[in-house]
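What follows is a set of structures to go through.
In what comes next, chain A is part of two complexes: it sits with chain B in the first one and with chain C in the second one.
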Partner chain A sequence: MNTAILIEYLPLFAKAAVVTLKISLAGIAVSLLVGLLCSYIQYFRIPVLSQIVQVYIELSRNTPMLVQLFFIYFGLPKIGISWSRETCAVVALVFLGGSYMSEAIRSGLEAVEPVQTESAVSLGMSPFQVMRFVVIPQAMAVSFPAVVANIVFLIKETSVVSAIALADLMYVAKDLIGNDYNTQEALFMLVMFYLIILLPVSILSSVAERRIRYAGFGY
Partner chain B sequence: MSNEIQLSVKDLVKSYEGTSEVLNGVSLDVHKGEVVVILGPSGCGKSTLLRCMNGLEAYQGGSITLNGELVTKDGKNMTALRQKIGMVFQSYDLFPHLTIEENVTLAPIRVQKRSKEEASKEARELLERVGLLDKKDVYPRQLSGGQKQRVAIVRALAMHPEVMLFDEVTAALDPEMVREVLDVMLGLAEQGMTMVIVTHEMNFARAAADRVVFIDQGTIVEEASPDEFFDHPKTDRAARFLKTFTFESKRTKG
Partner chain C sequence: MPDSGISILFTGSNFWRLLQGLWVTIQISLISVGLSFVFGTLFGLLMTVKNRVVKAFCWLYLNFIRIMPQLVLLFLVYFGVTRQWRINLSAWTSAILVFTLWGTAEMGDLVRGALTSIPVHQYESAAALGMDRKQTFRYVILPQTIRRLIAPSINLITRMIKTTSLVEIIGMVEVLKTGQQIIDANRMKFPTGALWVYGAVFLLYFLVCWPISSLARKLEEKRR
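Moving on to the complex of A and B:
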């Protein structure tokens, strides 16, 4: 492996990492919002909406992200909706991530024993107070590992956006391999950059997870 | 105990969808300061009756009133009304993410908007009374079943309820821990708290009750003073029920 080439590639990969990070952050943030909304609809079994959410979740979890991305980027313009590459990438990530986040959050909400709600209600708490002070704090502790696993999963899934010529890490690596035939160096940089992004997330999550457990959550 | 009726149940009918009636026209008046113990075989509807009294279950007929105000599951003003009706459940249902003191002060602070200082001062006094002041900063999982149940009683008391409902609060406890919980309840009874208790502890029922109500198959079969009920039950059904709690030795000596 040639060190000079690695150094030459560094700024290119750094720039691409920014693209990957931007799409990841936007996609994850909106996924969490969509997930919260969907999980609450499911948890409270709101009629009609919860059926719609169920269809969305099955559709989203049982189709590959590449297919979803192609559908949004190549399919939607045919019916008059055309977005920029970045928007398409974020929307695709949210379409995938929203359902995973929803399931992770819902499993936390449902892990809280019904008698917890009942005893809060019998203390005179309003439905909002029951959620805010009793259900959500306990649900968060249960959901946390799954939510973080989804965050890692979604960052990795962003590599798919190279398929619509968005200059993320994956795209730059493929581009450099095609141009310069420096396959080893390009792949090495690719792996390193994903590790640089993902390892801290994983480490932080395991620390946070332990903290949450020690703080007295759970039985 | 006064003559003033505090909690009144009239012709209560309750059924779950698609099943027969769980409560079939139950009427019961609880006077201020009275301790009513409800007895009956499993599935007779006694827990359901208690849950209706707190508006946790909807009912199909009749009415429940506290000081003349209607108690229903989705009624207006139920959050205010429930504050006057304390309830303790069979399972230790403390909030596991909060310390003992926070468990007790959560509702006074958030629901009744009392100051943090005042609420925690009272919480400490109440915890002291049940001998658990030294546990105020630990989490529920560090307590025994009996200790948790005493905290659950304190948590309900901190809301200054007018009536306390106890739903088989010792049923899930180890035998040695039953006593400490029942002692707390006896203490409350002596202080004149209005209480409705569902229990299987016959000796306790006899000691604590002003009146025993025996329910079977969704109706009140017998209502009497504890001595009358335990010594001379009027109905066959009650006599048979009481017999299940006595044992005769099968061993012959020699």
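Moving on to the complex of A and C:
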């Protein structure tokens, strides 16, 4: 491996990492919102909407992101829905991530024992207060590790956006392998940059898991 | 000819070709799943060994595989390993190799989790009944471990099937690539082909994965 080449590649990969990070952040933020919305619809069993959410969750969880992305980027323009590459990548990530976040948050909400809400109601709390002061704080503690694990999962999944020619880490690596034939250097940088991005989140994830078990909310 | 969209799927042998592509996807998945279950069980057992060196090795392997996107692993093998050691690996071999390495790590962690979740009193009770180590494992620990493993390992199958879609990027002709070829070949005749073909691929994946993941959920509910 040639260090001069590594140094030459550094700015290219740094630029690509920004693309990966941008798509990840946007996708994860919106996924969380979609997940929150879907999980509440399911938790309160809102008629019609909760059936629609169920269908969405099954479709999203049982198909690969690459296929979802191709459908959105190549398929939807044929019926007049045409977005930029970045938007398509974020939309695909949200389509996938929304369902994973929803399941993570819902499992937290459902882990709160009925006796908790019943007690809160008997203390005279309004439905809003029950959620705000009793259910959500406990549910958050339970779903936090799963949510962080989903964040790692979603950042990893962004690697497929290179397939629609978005210049993320994968794309730059493939480009450099193809053009310069410096395979080892390009792959080394690829691994390093993914480690830099994913290691902190992954460590947070395992710490969260241990902490929450220690806290032992809900059971 | 006016554009009739969906008929792209039923023109000539297009749909048959998609199904053939799906068969390639399923083949890669089945082979990788089979190998992963075998090696994963061994890896899971290895992870329960109390030797420091073995532990460090297992930890490093598991966490490296888990933290890297599967596409990066695919690149490492398909471009990296081949270049480093001057060997020629086809996309097929690389795919099987990568998915087996990944599946082994995931399955291994499931096996380890199931094994360590068996309470100590099960071992103690077995010992109190006069069972030796082999009998304890065979008649007490193994049946309970397997029951705990069924649902999560079936789930792993759907995850692996979904992940095989990545091999399209290293140039394998499976269901997604076949779809691309059909779209390209019919670009003039069916300008809206992409919508229908990718829609069909989406549905095919769903039809394969959904029954499996539903089964996993039912089994999990039953166990609880």
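Just so it is clear, the second predicted complex is superposed on the first by the 204 of 219 C-alpha atoms of A that agree within 3 Å, B and C clash if a C-alpha of one lies under 4 Å from a C-alpha of the other, contacts with A are read in each partner's own complex, and residues count from 1 in each chain.
Assume a contact is a pair of C-beta atoms (placed from the backbone, for glycine too) under 8 Å apart; a residue touches a chain by one contact, two chains touch by 3 or more.
Bear in mind that the values here come from a model prediction, so they are computed numbers and not experimental data.
Q: Just to be sure I read the superposition right, which of the two partners does A:Ser107 touch: chain B = first, chain C = second, or both, or neither?
A: Neither: A:Ser107 stays clear of chain B and chain C.
Q: Would you check which partner chain A:Leu198 touches, where first means chain B only, second means chain C only, and both and neither mean what they say?
A: second
Q: Pick one for A:Ser126: touches chain B only (first), chain C only (second), both, or neither.
A: first
Q: Report for A:Ser162: first if it touches chain B alone, second if chain C alone, otherwise both or neither.
A: A:Ser162: touches chain C, not chain B.
Q: After lining up the shared chain so the two structures overlap, which partner does A:Leu59 touch, if you call chain B first and chain C second: first, second, both or neither?
A: So A:Leu59 only meets chain C here.
Q: For A:Ser50 in the superposed arrangement: first (chain B), second (chain C), both or neither?
A: Touch status of A:Ser50: no partner.
Q: Using the superposition described at the top, determine whether chain B or chain C touches more residues of chain A.
A: C
Q: Using the superposition on chain A described above, determine whether A:Gln184 touches chain B (first), chain C (second), both, or neither.
A: Once the two structures are laid over each other on A, A:Gln184 reaches chain C alone.
Q: List the residues of chain A that touch chain B in one complex and chain C in the other.
A: No residue sits in both footprints.
Q: Could you list, by residue number, the parts of chain A that touch chain B in their complex?
A: 113, 115-116, 118-126, 129, 133-134, 137-138, 141, 215-219
Q: Using the touch definition from the top, list the residues of chain A that touch chain C in their complex.
A: Answer in residue numbers: 58-59, 61-64, 66-68, 70-71, 74-79, 152, 156-157, 159-160, 162-163, 170, 173-174, 177, 183-184, 187, 190-191, 194-195, 198-199, 202.
Q: Which chain C residues qualify as touching chain A in the complex?
A: 63, 66-72, 75-76, 79-80, 83-84, 158, 162-163, 165-166, 168-169, 176, 179, 183, 191-199, 201-202, 205-206, 209-210, 213
Q: With touch defined as at the start, can you tell me which chain B residues reach chain A in the complex?
A: Chain B reaches chain A through residues 54, 56, 79-80, 82-83, 85-87, 89, 91, 93, 95-97, 99, 106-107, 110-112, 139, 141, 152, 155-156, 159.
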